[in-house]
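Below is one structure; the comments refer to it alone.
Which chain is which? They are A, B and C, in the order written, and residues in each are numbered from 1.
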Amino acid sequence: MALSGLFLIVFLLQHFSINLMSVFSADLFNEVSHFMGTNSVIQYALQPVLIFGVIFHLTMGMYLEAKNRGARPQKYAYNKAGASASWMSRNMIITGIMVMLFLGLHFYDFWFPEIKIKFIDGDWSGMENGAYRYWDHTHHKFVDPIRVGLYCAAFVFLALHLLHGFQSAFQSMGWRHQKYTPVVEKVGYAYAIIIPLGFIVIALYHHLIH
Amino acid sequence: MSVLNSKVPEGPIKDKWTNHKNKINLVNPANKRLIDVIVVGTGLAGGAAAASLAEMGYKVKAFCFQDSPRRAHSIAAQGGINAAKNYQNDGDSVYRLFYDTVKGGDYRGREANVYRLAEVSANIIDQCVAQGVPFAREYGGLLDNRSFGGVLVSRTFYAKGQTGQQLLLGAYSAMNRQIGKGKIEMFNRHEMLDLVVVDGKARGIIVRNHVNGEISRHSAHAVVLATGGYGNVFFLSTNAMGSNVTAAWKAHKKGAFFANPCYTQIHPTCIPRSGDYQSKLTLMSESLRNDGRIWVPKNIEDVEAIRSGKKKPTELSEDERDYYLERRYPAFGNLVPRDVASRAAKERCDAGYGVNQTGEAVYLDFSSAIQRYGKEAATVKGEKNATKERITELGEEVVRTKYGNLFQMYEKIVDDNPYKTPMMIYPAVHYTMGGLWVDYNLMTTIPGCYAAGEANFSDHGANRLGASALMQGLADGYFVLPYTIGDYLADEIRTGPISTDTPEFEAAEKAVRGQLETLMNIQGTKSVDHFHKRLGKVMWDKVGMSRNAQGLTEAIAEIRQIREEFWKDVKIPGGLNEFNPELAKATKVADFLELGELFAVDALSRNESCGGHFREESVELDGEQKGEAKRDDVNFKYVAAWEWNEDPGAANLHKEELEFKDIELKQRSYK
Amino acid sequence: MSEKGMNLTLKIWRQKDSKSKGKMETYPVTNISEHMSFLEMLDVLNEQLVEEGKEPVAFDHDCREGICGMCSLHINGEAHGPDRRVTTCQLHMRMFNDGDTIHIEPWRAKAFPVIKDLIVDRSAFDRIQHAGGFISVNTSGNTIDANAIPIEKEDADEAFNAATCIGCGACVASCKNASAMLFVGAKISQFSLLPQGQVEAKNRALNMVKQMDLEGFGNCTNTGACEVQCPKGISLDNIARMNRDFLSASVKK
């Protein structure tokens, strides 16, 4: 869990950086997107690893949750779980499932169309009406306020997930020390808030400049 | 000639143990696998013995009534463990530890046993460190020591205020290793309810499984009882709620002599009682007397003002305080032995100077220590002009590292901050020096039945020094019993497996079932605790810190009365063949009600004051020692070993005369 | 002495034995002094039940000074109740108010089956330690001198802190996953922090973790509830240390 989580954290940072370019320069965003979409190392080596990482994280998460629930077949009649642990840490499965549902929408919006164009239609040019389609494609998706709302909500869940997940991954790997653990915690909080917030800003930006 | 043969080896005292070990019979490894040993109790003595015997190759069955061997009451020992290591270079030696222990025990212990204890003490520390017991260390990485009552050297090793816990976890880990290998079969939540004697030898036990009430028989070539002390006969004591005398008492009724039952240690530093609902008393480690000063107000008016809440103890100036231990015993001051400190507290409280509502409390004050440590720390830190507040802060920090957990415990129980206001303490029943009579090999008067640790009477005489119980438990369990038991078992190699299908086992099981059924069938009107509390009150009032012939005679009659009522009127709900805590308690109280009487009988017959046993009839009438306990070596220099005779009060007295060849008998003085 | 005691409503789990189905029952108690410990309050209830001819509530307890680790109640939704750094036997009634309703349940975990009422079977903890909770040294006493190997005070103190675990099971009880990692982490750390325990540290971690999994405890998801509820304040550092030992041992095996 921890390793796949850390891997996804790294991926998220990369995803965020590219998305951020869409705010500053459509051309740059297009260039990078085309590179990512057509480079064979990324497409045939990194992409499967990422998909594996996502699926692994999801299935292991669900499996462990089921197993952990099984470790307490009889629940407490009266429990005050909040007295000793944060909501985030206790509800990773909920925030995780919300992010997973979002991933479905996200794939439907972007990944499936890309795959269709490249692998079914066989069009690897990245062009549409004489120009790169990536920025336009992204930009148009954020017209619909409901979709923007869903995206923003999903990022909130992502933030909650990361608020616990970031430092939890370090703890699970045994990387804990009185000197650097407080730093890890601070970086974790910063990451868990800044990255999802950034995604929200990007989504809102595209929605608002229409 | 007495029927008691202590089997103390010949020769000079310092060679006795070595010579004995060299001459003792051994069992060869192949034969050990065929020999069963039962160990009852898994505290320091039992746990250490079970682990050692299993390591040596015997087939061991271990029993404890707790849900895990790690919970035996040795775990609650706080202060430390003595050992003659002389790491502090303060002149300590085996002889000095031996001498202090004999003197501390008021010359009522057996010299040879005590010397052996002192001799193996250093090995205990080596052994425990090798097992990973995290003793306190200094910054240089070496082991730290502190001092305890009744001695003038620093020889106590400790692990904060949880030394017993750490040592027990060490013994438990040694057991775990053997349980994991299948060499020890462990029975948790099992209570021994009888000893089975076949042809005069201990051959097994009858136990009840607390979980389902099942009674079962277990046979062995030898039975080791390491079942602790019987302080709970007082109902209120620092013992765990489950601590009991049953195993030892059943052995006594099967022929093991019970020695010196009246020797009880009343520990001076316990948290005072707060109400009638109180279920137990909590000890504050004696180590606190290293740094705490004990006092009561000098003037009775101040006592009244404090009791009514008009004055706070911190408002009293130095000359309004009576540091009575420092006043009476300038040489040892606050570090006099436990019996002396307890009696002195009682004397002040009886005179009306007790500082709480019940009039049964004295102060244990850390303010001088906090100031002293604070100044030291400020000097070390180079803070020359430290304010009083800063010094207090630094001093509290030092005290916190030394006794933090004890202070926290006090604060949780009493709801008062002991860093700011002095602690209130009062003596409470803590340890019983008496127990099953054993010879030098730790064998009781029943061949094949051994007693180790607090369960036997051996090493502490009439008063135990602080930090010596852990030492004795581990010495018996790790280093003494595993050797000496071989001497007996060497003759057992031809016995073969012992069947539990014999008339003796049958009869013992039947008797146990009969007793349990009788108890269940009484269905009277009063709870078990009702009787236990009444017994406790009689014991405390008349067989407690100070005793006299009249009170003891009354106590004997009253205990008999309570016992009679118990067997007519106790009410035990629930069933026989199920988890039934009330029934379990009832079996224990039934035995306490018998032991209590023998206890008083013993106290009555010993018309002298020695150690924890104080007879009002026997005090120094004049001179420097006026008012102090007066020992009578002419008439009472013996171990009183009582033989069961159908009724606890009718027990036959056998005397083991004590010989003091290496230590001159003297009036104990801590002045 | 408090003049007037509290009146309380207790809701307590009653279960005849491991096979029966249990349920919560309600009992009133009156005139409870604030100076009583929680278990003394239950003593009062039991005395009352015995007088009424009813079966008293069974609960584990022994030393009543917070060190044996026998007591084990889930009180008002928290292991060992609302106070911190105390066991149930050290919890005092001054933490409660007149008129309160108090819920009392046994530890809940698959690995801790209920034996009766509030008593659970924690022998799983023992079995984990049989698998490796020791340093393999015989008890002959013929080891090296205790001061032959100086041990850094910090390591000795850390080992001691880990060793203060009383094995009560509050970590399991308070963990949403009924995980025993704080307990096992403490037991592993206690030895692995000392030079004499380092030698077999890898095998110890592997064997104890394996047994822990076999017992049916859940996994650690780092909620940190165990550390908060632990009466002895055992630190999460111990879980990290165990993870480290376990991972490196797994890689090397």
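Following the convention adopted for this analysis, contacts are C-beta pairs under 8 Å (C-beta built on N, C-alpha and C of every residue); 3 or more make two chains touch, one makes a residue touch a chain.
Quick caveat: nothing in here was measured; it's all calculated off a predicted structure.
Q: Please find which chain has its CA centre nearest to the centre of all protein CA atoms in view.
A: Of all chains shown, the one whose C-alpha centre lies nearest the global C-alpha mean is C.
Q: Quick check for the class: compute each chain's Cα centroid; which one is farthest from the centroid of chain B?
A: In terms of C-alpha centroids, the chain at the greatest distance from chain B is A.
Q: With chain centres taken as the means of their Cα atoms, state the distance from chain A to chain C in Å.
A: 39
Q: Can you check how far apart chain B and chain C are, centre to centre, with Cα atoms defining each centre and the answer in Å?
A: 26
Q: Could you put a whole-Å number on the gap between the CA centroids of chain A and chain B?
A: 63
Q: Using the touch definition from the top, which residues of chain B touch two or more other chains?
A: none
Q: Could you list, by residue number, the parts of chain C that touch chain B in their complex?
A: Contact set of chain C toward chain B: 1, 16-17, 33, 35-37, 39-40, 43-44, 47, 49-51, 53-56, 58, 60-70, 83, 85-86, 90, 92, 94, 115-116, 119, 121-123, 125-126, 129-147, 150-153, 156-157, 159-160, 163-164, 166-167, 190-191, 194, 196-197.
Q: So in the complex, the part of chain C that touches chain A is made up of which residues?
A: 11, 13, 24, 74, 76-78, 82, 103, 105, 108-111, 174, 176-179, 216-225, 228-229, 236-237, 239-247
Q: Inside the complex, what are the residues of chain A that reach chain C?
A: Counting only chain A, the residues touching chain C are 64, 67-81, 83-86, 89-90, 92, 164, 167-168, 171-176, 178.
Q: Going by the contact rule at the top, pick out the chain B residues touching chain C in the complex.
A: 48, 51-52, 55, 66-71, 73, 75-76, 85, 87, 120, 123-132, 134-143, 159-160, 162, 164-166, 169, 172-174, 176-177, 179-180, 186, 188, 211-212, 238, 240-242, 274-275, 277-280, 282-283, 357, 408-409, 412-413, 415, 478-479, 482, 527, 529, 571, 573-574, 578-579, 581-582
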